[in-house]
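Here chain A shows up in two complexes: once beside chain B, once beside chain C.
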Partner chain A sequence: MNTESVERQPSRLDALTVTVERLAESVFITPTVLALLFLSIFPLIASLYVSLARFKIAKGGFTLTFVGLDNYKKLFLGTDRTHFLGAFAPSTPLSWVIFGGVVVALSIFLARYLLNARISIGGLIGRILLTLGLGGLTWMLTHSIWNGGRLGTLSTTLVYVFLGIFFQYILGLSLAMLTVQNLPGRRFFRVVFLLPMMITPVGVAYMFRMLTDTSKGPFTPVWQALGLIDFSWVNNPWGARTAILIADIWQWTPFMFIVLVAALESQPVEPIEAATVDGANPWQIFRHITWPAILPVSMTLILIRLIEAFKIVDLPNVMTNGGPGTSTQSLTLHAFINWRALDLGGSAAVAYILLFLVTFFGMIFVNLIRQRTVETL
Partner chain B sequence: MKRWFESKSINTPSPVGAILSYLILGLWAFLILFPLYWLVVTSLKISSQVAEGPFYIPFVDFQPSLDAWHYILVGDLSKDTLRTFTNTLIVAPVSALLALALGATAAYALVRFEYHPRVGSILTFIGCLILSVVTIYMGVPWQIALVVSAAVFIILLQTIGRRFKRALGNNDIAFWMISQRMLPPVAVVIPIYILFQRLHLLDTHAALIITYVTSNLPIVIWLMRDYISTIPIELEECAAIDGASRYRIFWSIVLPLAIPGLVATFLFVLVFTWNEYLLALFLSSANSQTLPLTIAAQNATRGPQWWNMSVLILLMIVPVIVIAIVLERYITRGLLIGAVKG
Partner chain C sequence: MNTKKMLVKLLTVMIIFGVLVTACGAPATEAPAPTEAPPVATEAPATEAPAATEAPATEAGLIYEGVTVNLLTFVGPQVAEPLQRRGPDFTALTGATINVITVPNSDLYQKALTDMATGTNAYDAFLFAPSWIVDFAPAGYIEDLTSRVEADEALEWNDVAPFFRDFNSYNGKVYSIPLDGDMHMVYYRIDSLAEAGLEPPKTWDEYLNVAKTLNGTDLNGDGEADYGSCISKAPQQQSYWWIWSIAAPYIQSQGNTQGAFFNTKDMTPLVNNEAFKRALEVYKETGLYGPPDETNQGVGDSRGLFISGRCALTMDWGDIGTLAIDPANSKVIDKVGAIVTPGSTEVLDWDTGKLVPCDATTCPYAVDGVNHAPFASFGGWAGAVNAAADEKVKDAAYAFLSYMAQPAQSNADVVVGATGYNPFRISQFTDQQAWLDAGFSQAAADSYLGGIEASLNSPNMVADLRIPQNQKYIQVELDRILSEYIAGDLTTDEAAQQIYDAWEAITEEVGREGQLESYKATIGAK
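Here is the complex of A and B:
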């Protein structure tokens, strides 16, 4: 009796352990997948529906009437078009040259794929979408940026994202290269350089509003000396955009910086030593040893910043309130303003277009640029 | 003369190079510290001093006062400040910890196991989800609709779903997860608001924590995935041969080895949740308000109260400076070592 239970219990326990062990694969990932499904799939479907509907406050709540693609039509063809896509100016020779160049480049890209022996349907559809998307965006940018055209919220967002990431990466990389040198006091610089990223974006926005004030800000004497005291950057679209870009670069260069420092510090020293012995100059060392080593990190970094940068909203909202006119509004701010005006359908439509745009650029980045640069190493 | 341009060792710059480096580093440090200095100065001003134009140095060109600090810390606003500060102190660390716990396990799973979710099952799942939404919209009580579509889902999964051979891999799962951050908060915030309203969780810490955990999970997974993949698999194999279970391996081998990565990721997420504004704006009002909202609230009907704002921003920065110092130390030990290796 006694011996039996002693013998039996371990076997039962064993069976249990085996089952638990077999479940490990699911146990580790299921909570995360459920959490993401709970708060992502539901809002995704719900806001897709809202973007296809018209929202109205009614007695004791609200009503949503299904209106099909009306909200999107309004953005692309209707009353909100100049706000969203911008006001198009007549073509100039320069815009034709740039647009033509991009079209030729895209055609070569597509033709090279078609002449390739291995063509998959997914790849073909993806590349056609890419060609159409990039071509359309180029046409929009070249026709609204000069010659009396006005940038819409779509183009403004692209300006913020690409110029911002460009400067952040360059600055972050140069500063990281400088601080990995063996200099006394480099830890102090590193901690200081980290700070901007850690301040709440709303705080940064208000701080820059104080700093850029032309009559009470700290730089007033500088403006006076330059004879710019009457020039108000707020009233000039490009002035206002530059101010927002500077704030954005100030805040997010640290992110690039700290990750690149980690990448630079963890690369092995031996190849560099060998190259120095062989008489390579600093530029050659950077080009052939350091650059390939930090390229994969840089790609992940740029992808993360790309996703986050498209959502810029606090800076334009606080610093300029989207003005002058609508010239500094980003897409997220556009959605937010629609939302404040209780146009929930329009707001969701803008947000959905933003989602497509980010996915579009994210896919291009992951599938074409990242793969290619990392593979050629 | 030549030795001014020669470096002693590889990582040590030449004297001229060092001077140039210090110049550039000093310039950037000034560009970062000056705005913060301006906050300190502004926090010591009263409204007329701000309105009259720029004054730079306390005691020299203006008489500093502690009015704003008094107002925020012991005066009229002190109760609010204390409440929002405690709220932030509860919400940010708790959600960062939870996100880290969930995200690290998922990252480990994505590195060490292979998943093959079938395209067929995913499509059936989405189909059934749409079915339940449509039926609820058509007036069927939601309990019935959910049960029915769950049943349909299981039946279809057992019959049709298994026929499809095509499956996705771990990288697709990881991309799906990061894509959850692509949707701008403005788009998801309304459904989330309605969701928490139905659950009667609006204006509670729980609502904020749940939202922050899910919105930061993708970042945790991406950073930790890179980190965990650098831990040599041999250690785990040895432990497995000695009879350790998966859970034991994860708990006693992987987690201790991943501590630098865990700390760095925790601090990143802590900073994001500490500073989050838009979601908090929708999901909290009186009880669970966090600090960024109090800052924005200083832009009142009388115009922005710059001095109060500066005090609040400075209060928010203090804990974050501590984080920056700790983070810097851990980062030199190699956050993202894994990403370097691709």
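Here is the complex of A and C:
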């Protein structure tokens, strides 16, 4: 038997095996791809169409009529404008100063890029969009946050996101720093600090609704002692927003805490020991060793919370029903209320704007902040 | 070889197990009961807790044996509670299982509509606002119940007050069965007003005066300052109904065919005028004499405060009357008076948009110079049947709704505060014995039933809005703008203008002519 000749001439079985193996890749991957398309891309396209349409009850079912950009127009220029963007107060010297400062900073940022030798079309478009977006948001906030202006659901969401994440990070880091020390009971407190994150957001909302109730809540004696029995958090827009922010910070600080504990514990001890031997004080150790070590984790952590925080809905819905007025409504609650009223087009339009907003801030964070911060290390 | 043996053993065990499971399983059920069944269940015993007797049985068993009715309604305990409590009784009587599914009130319309519009049809019956039938009936979502009602002697349809019979009909056909009758009234503390030498308020100005006078006084003897008025103001709750009870006497004065929501000439909203603006101001001012967090309170909160003796005045449906006699929770037993909602001595001149004084021409139905326009807000909880359900399920669903509405059950339910059901039958007003048996004093029964009856019989009563998309006009746009006004985000003029613009936008979107025709039909205008 000449085995060499067999090896030189592949049999039909071998060819079939090769074909089957090649096909198998597609066969195994196709269901996943189809599932992804079905679950992600198709709803995205379908909801885009819904945002350009009007839902109407019809005999035996319903109709979706294409209305172009009407649903978006209603939010930016129509009857829902003050609800969505807020009511703009007349400009004041302060609002001009802040807006002017931001415009100058954005102009410098754009100019520096244009003067750079490496300019790409994508990079240029991205930076122009960023400049316009941030400029517009600054104008909106400076004209609605004080002097008789009123925040809309868009700016209220930004307040929840940025103030909430700022305090969550500061508190989370402080608690993490505390519990990595060799203190008695630190294991117990690590578990205790984690508990808020385990509770369902609706439960947290009901709990804080009860806690902030000045007439029936458990803190009533405290309010009475302080002479604040006729005070209510929810009569004032900023009081209500503060109550929601406190609840949100209480719930999500543990997430920051637990990840930062892991980051702190995983940093090498040698540089710290060396710095200590060299006479560095705790602040110097934190500033020059610990902070750079936990920065990459912190950036990722903030990005995750940033994406998540834009979707806040349970707390304002349960604690205040979005009130007083619409002052505590977030974009998600705005979309939910529209959807509940069967304004499916309006709801999808708000949801799409939220999608753009999250993508916009996510891109800024990843491309400009995280990348540069980590690169400088 | 060992592996082979093990596989064979395993297979053998599996086969034996499979055979055993099959053998022990339930025997195959027989075909459903004959379909030629009478449409209505029931002569239920006339006791408070009807026993399951006199079941209409067939040779194959109970009439709806094996049928399950999925009924969607609002989260309890009120409203859903009687359905859940009486469901097992109905099952014992007919064999049908009643599965009560509850969702928050603000989700109910959307849940019902999307279920039927998308063809999901997970719900066979609904207990919802009868004003929604104008959306559901023309679309063919809900069953025309006329023939069933006509053939249903046990329902005693003619005993249902004419207003509620009409409110549950569309284009002359019955689409829902009322289990509840709703009418706003003002409740006051008899003892507190008497002590202060005050009369029950006849006008909204008097209401504000009484509230202002009694606000900050101790009304329940606990040594703490209490409130002059409790009317809830939270967004997405009931504000949009309260405002209309206040606005109605300022806007409508020429009888119930005049209308209070839109001008019957051109369908323009009756909101951007002095009358509605005055109502906005009154509603907002009541908050000055209420609890500090009233802007975040729903009707459940204001009820609780009134029943615990902390409020001198409140506005509510009929529920306060029955809750006030509950010895377990009420601190105001025999201390509560009920009156028709206050009126106004000035009414809207529809041509000029100004308020003008009442006289024989401007207020033909005025009593002592005061124009009253009681508002039948919401219209009471009513049951409807999904037209897409199986015939047998539809029969069972209708039979259950009928059973709940029949005097034997209804007369017992409307006298209990926890049910959330209020009287809607003529006999429930005329026969006071059930009320006295439930714990009302004669004076309290006279006051409570007299207040509802006077409202129902008013020739200037205002029915709730019943045109297509009424939920969007009232519960979406009016609610949002009103809550912004209450929060101080809008001035009175801005709020009135914004409601006007938002309502005009809906009317344009749906079609002005069709909306006008529909509106005129529902109020009987020509």
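Convention: the second predicted complex is superposed on the first by the 341 of 377 C-alpha atoms of A that agree within 3 Å, B and C clash if a C-alpha of one lies under 4 Å from a C-alpha of the other, contacts with A are read in each partner's own complex, and residues count from 1 in each chain.
One rule holds in what follows: contacts are C-beta pairs under 8 Å (C-beta built on N, C-alpha and C of every residue); 3 or more make two chains touch, one makes a residue touch a chain.
Keep in mind it's a predicted model, so treat the numbers as computed, not measured.
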- Classify the contacts of A:89 with the two partner chains as first (chain B alone), second (chain C alone), both, or neither. neither
- Please work out whether A:364 is in contact with chain B alone, chain C alone, both, or neither, and reply first, second, both or neither. neither
- If you stack the two complexes on chain A, which partner ends up touching A:322: first (chain B), second (chain C), both, or neither? second
- Task: Based on the superposed arrangement, let me know which partner A:199 touches: chain B (first), chain C (second), both, or neither?
- Result: first
- Task: Pick one for A:45: touches chain B only (first), chain C only (second), both, or neither.
- Result: first
- Could you let me know whether more residues of chain A are touched by chain B or by chain C? B
- Task: Considering only touches as defined above, state whether A:110 meets chain B (first), chain C (second), both or neither.
- Result: neither
- Query: Which of the two partners, first being chain B and second being chain C, lies in contact with A:341: first, second, both, or neither?
  - Reply: second
- Message: Between chain B and chain C, whom does A:145 touch in the aligned arrangement: first, second, both, or neither?
- Response: neither
- Task: Considering only the touch criterion stated at the top, classify A:234 as touching first (chain B), second (chain C), both, or neither.
- Result: second
- Common interface residues of chain A with chain B and chain C? 215, 339
- Message: For a test of understanding, state which residues of chain A touch chain B in their complex under the given definition.
- Response: 17, 20-21, 24-25, 27-29, 31-33, 35-36, 38-47, 49-50, 171, 174-175, 178-183, 187, 189-203, 206-211, 215-218, 220-221, 250, 258-259, 261-263, 265-267, 269, 272-273, 276, 293-294, 296-297, 300, 304, 307-308, 310-311, 313-314, 318, 331-332, 335-336, 339, 344, 347-348, 351-352, 354-355, 358-359, 362, 366, 374
- Query: Considering the complex alone, what residue numbers of chain B touch chain A?
  - Reply: 9-13, 17-18, 21-22, 24-25, 28-29, 31-36, 38-39, 42, 50-54, 56, 102-103, 105-106, 108-110, 113, 115, 129-130, 133, 175, 177-188, 190-192, 194-195, 210-211, 213-215, 217-219, 221-222, 226, 245-247, 250, 271, 274-275, 277-278, 291-292, 295-296, 299, 304, 306, 309, 312-313, 316-317, 320-321, 323-325, 327-328, 331-332, 334-337, 339-342
- In the complex formed with chain A, which residues of chain C make contact? 106-107, 109-110, 113-114, 117-119, 135, 138-140, 234-237, 291-293, 295-296, 468, 471-472, 475-477, 480, 483-490, 498, 501-502, 505, 509
- Query: Which residues, counting only chain A, touch chain C once they are in their complex?
  - Reply: 54, 57-62, 78-79, 83, 87, 150, 213-215, 229-235, 237, 320-327, 337, 339-343
